[in-house]
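This structure is in structure tokens; I'll ask about it shortly.
When the chains are written out, they are named A, B and C in that same order, and each has its own residue count from 1.
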Amino acid sequence: MAPRFQGIDFYDGDSLLSEEERAVRDTVRDWVEDELMPVIAEHYLEGKFPRELVPRMAELGFFGANLPEEYGCAGLNNVAYGLIMQELERGDSGVRSFASVQGALVMYPIYAFGSEEQKKRYLPALASGELIGCFGLTEPDYGSNPGGMITVARETADGWVLNGAKMWITNGSTAQLAIVWAKTGPIEDVSSIRGFIVPTDAKGFTAKDQKGKLSLRASDTSELVLEDVHVGKDALLPRSGGIKSPLMCLTQARYGIAWGAIGAAMACYDEAVSYAKNRVMFGKPIGAFQIQQVRLAEMLTEITKAQLLCLQLGRLKDRGTVTPQQVSLAKRNNVDMATECAREARRLLGANGILAEYQAMRHLANLESVYTYEGTHDVHSLILGQEITGLSAFG
Amino acid sequence: MKIAVCIKRVPDSETRVKVANDGRSLDEAGVKFILNPYDEFAVEEALRRKEAAGAGEVAVIAVGTAASQETIRTALAMGADRGVLLQADAVPADGLAVARALAAELQDGGYDLILCGKMAIDDQSYQVGPMLAERLGLPCVTAVTTLSLEGGKGVAEREIEGGVEVVEFPLPAVVTADKGLNEPRYPALKGIMAAKKKPLAVKPFDGGTVGVAVTGMGLPAERQEGRIVGEGAAAVPELVRLLREEAKVL
Amino acid sequence: MSHVLAVVEQRDGALRKVSHEVVTGARRLADALGGEVHALIVAAAPVTGAEALAGFGADRVVTATGDGFARYAPEGMAAIIAERARDGGYRAVVCAATATGKDLAPRVAAKLDVSLAADVTDVGMDGAAVVVTRPVYAGKANLRLSVTAAPAVVSLRPNVFTPVERPRAGTAETIAVSTAAGRVTVREVKAAAAGTLDVAEAPIVVSGGRGLKEPENFKLLEELAAAFGGQAAVGASRAVVDAGWRAHGDQVGQTGKTVSPNLYFAVGVSGAIQHLAGMRTSKVIVAINKDKDAPIFKVADYGIVGDLFEVVPRLTEEIRRVRG
């Protein structure tokens, strides 16, 4: 049995965390160690989200943990929230994705754009895991360009009728409610985009799992189809307006991903170190060979930098001054860094590195999705490029 | 039900032990500290008893340095109601001194039950619980794996060599917890936030005369790496020969 | 005074074997002090095996008998022992750090208002002070303590103090006591299956881990243990105990039992630090594991790399053969 995961903390980052932040991190770390790690490889191989773990995650307060206590949430700061994402992704990106979607993409828009009645009705049920949500923004032909969406909502006497299709929707087939983004005006009018809370059992709503994934296998990814789906007036998120609203949600999610990627990298590094010390080749542990030491040194360096990056990002977010561009930088850097760590760890593990018994290849495969979703690596480059030059390279 | 739980801050079980420069203590650099795992069983048991009774109070008491406040808050985050730290410069190596201080704090508290871990994983002394009971004049059962309480009486099971003792005792009592008593909860995130607002009193530690002195700490001799006798069942006769002729243990 | 009181254990009217170790440890202190060893047994009636204590160095064997002491009665027994320790003016009180001793010794020490050095692996005199060595941090370090209080109450880790024959003339006496058994009473002792030894006490331990694959496969280890003719107990790693394959009482390691047998077999046990903490003081360690890189081989004296499902039956057969 491998020793319990102790985290990677080369620069005494713990001393920069408050007692509560460390305590939160430790609770999630222990839960991941005790309840997620023993089952994750099997779920991954079977292509199954470990749904049975949702009630415990909810009970411990993992969903929407940075939202206020009055809505049944933990009321944590953003650094503590980031640490939750880090530890969950140390287990698996798919499980972190579940929590990201539930918290940042479902609970956050209801909190930010919903009426008081909607908040009271949905947030406690989402926090307790009684309800599971999904987020419908991306469409088959509109990924990096969500403003081009063709899903529409038409107002009727008693509510709205939605038509369209959404793709790559995490939790789509397990959710009881979907936050669906649709244009309420002409198809070219990006400012007419509004958010709707759509029950997934509404007539005309179908969700179908996307099969054949070689990444994020322990996560449900679905295609949503809305055919004349009627919802009441109370389905509209009243304070949502324009493409800016879903992009605000994405900034929340990207913030969590920047932290999550550190977790995946730490898992791979930890595994690589232990393997390097124990695996003997040519009569000595492979960790005694220069090439493996270089690999490990690179990983530790990049992880340490990413940790400090995220910590400051979190402090800026808690101060209320963080910009979407700062979040883009962290998401871009950290996911790329984690992907490299996973790849190097997999290589260090030799043939064993391709087995599900070890973690590196699972993380590597997952991170290829994380690299692509919530703004691809390249899109974040362009966001930063625009920030630097003032010139848009989009479109 | 009014319950007190005695807890201790200890180095994590994964700690790599290095001897400090004084040659007598643990080098604490880089060491992570946790709530003693056996005390976690005690805290969990107290919370379950209170929850089952539907009312009551769980107080946690620690002897330790100021840093033990964090350990107390871990117990508060699990659900305990209030904490007391008997603050010392260092926890004395003499369990009796710890027991004296705890007894002085607990004696007029009117507790129905006092729970401790069967031992702390740092000094492994197995003694504060029963010594505390003696000081308080209370009955005590140690290293308990199952516990039932009803009508002022308790029945506990404790593992002994080759069997299990079923022990009866009247309440109030001191009970020390072993692994197996329960599965401790994690501090939930809301609990961690709530713990900050719960009362935590800090008082000076007074353990009286200390009857033992630590004169040194050393690391055990590393076991010599042995040898691989061979591979597979074919190596068995050679192994048995070595056990008989070289190691002389058969 | 320079005498040492050796508190020895009985169960069901028979002296427990660990008592020989207690008398041996007490003898060592008494020799350094130039004093006598007085063994004390608390029981319902004279016990069998008490006569052997003189052979290990007891100058006097006192059996205190009372109605309430057929089974372990911590309060009454602690009262009797403390009273004798006080009245006899002993320099040291020595007992075993067994399940009973761990429960009893702190009570005795507290009644005497003195410290306790628990679960020690070495004991001696340094000038006027009793000095002990005791493992701390799960055996990752040893602490040396000087006990200044008198009497020094010391409990000895089982299986560490090898009994040494030191025949003394030895006098035996039985005294009836009227001390009450106390408020804490043992209603029942649920014995483990007949003939099974406890891992903490067995001279040979055969432990299994995840490599056994299924709980039913522990039968292989039970057969191997049986081949040692009642000398061996079956232990388990934390992983298999947590998985519910074996009882917690069988667990060897940091959160289980600490064992120091003469011979320890680790079968399909990878050798996690917390397991090593419980068995690293074994005299001889044998590891059987299919993974030649398993950490257990780093502490094992002898290792066989191979499929335990082939190695263990063969070993059982071989042990049966050599034991005739």
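Everything that follows uses one rule, which is that a contact is a pair of C-beta atoms (placed from the backbone, for glycine too) under 8 Å apart; a residue touches a chain by one contact, two chains touch by 3 or more.
Keep in mind that this is a model prediction, so the values were computed, not measured.
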| item | value |
| --- | --- |
| Touch-based graph of the chains, sorted into line, ring, star, complete or other | complete |
| Most central chain, judged by mean C-alpha position against the global CA mean | B |
| Chain pair that, of all pairs, has the most C-beta pairs in contact | B-C |
| Centre distance in Å when subunit A and subunit B are each reduced to the mean of their C-alpha atoms | 39 |
| Where subunit B and subunit C are represented by their mean Cα positions, the distance between them in whole Å | 21 |
| Subunit A and subunit C: spacing of chain centres that average the CA atoms, whole Å | 53 |
| Interface hub residues of subunit B, defined as touching at least two other chains | 14 |
| Residue numbers of subunit C (touch at least two other chains) | 273-274, 292 |
| Residues of subunit A touching at least two other chains | 3 |
| Subunit A residues touching subunit B - in the complex, by the definition given at the top | 3-4, 6, 19-20, 23-24, 27, 30-31, 59-62, 65, 69, 74-76, 80, 84 |
| Residue ranges of subunit A in contact with subunit C within the complex | 1-3, 278-280 |
| In the complex with subunit A, residue positions of subunit C that touch it | 209-210, 237-239, 270, 272-275, 292-293, 295 |
| Partner subunit A, residues of subunit B touching it in the complex | 12, 14, 32, 70, 73-74, 77, 186-190, 192-193, 196 |
| Subunit B-facing residues of subunit C, complex | 72, 74-75, 78, 97-100, 102-103, 105-107, 109-111, 113-119, 131, 134-149, 182-192, 196-198, 200-201, 248-249, 251, 254-256, 262-263, 273-274, 280-281, 283-286, 292, 297-307, 310-311, 313-315, 318-319, 322-323 |
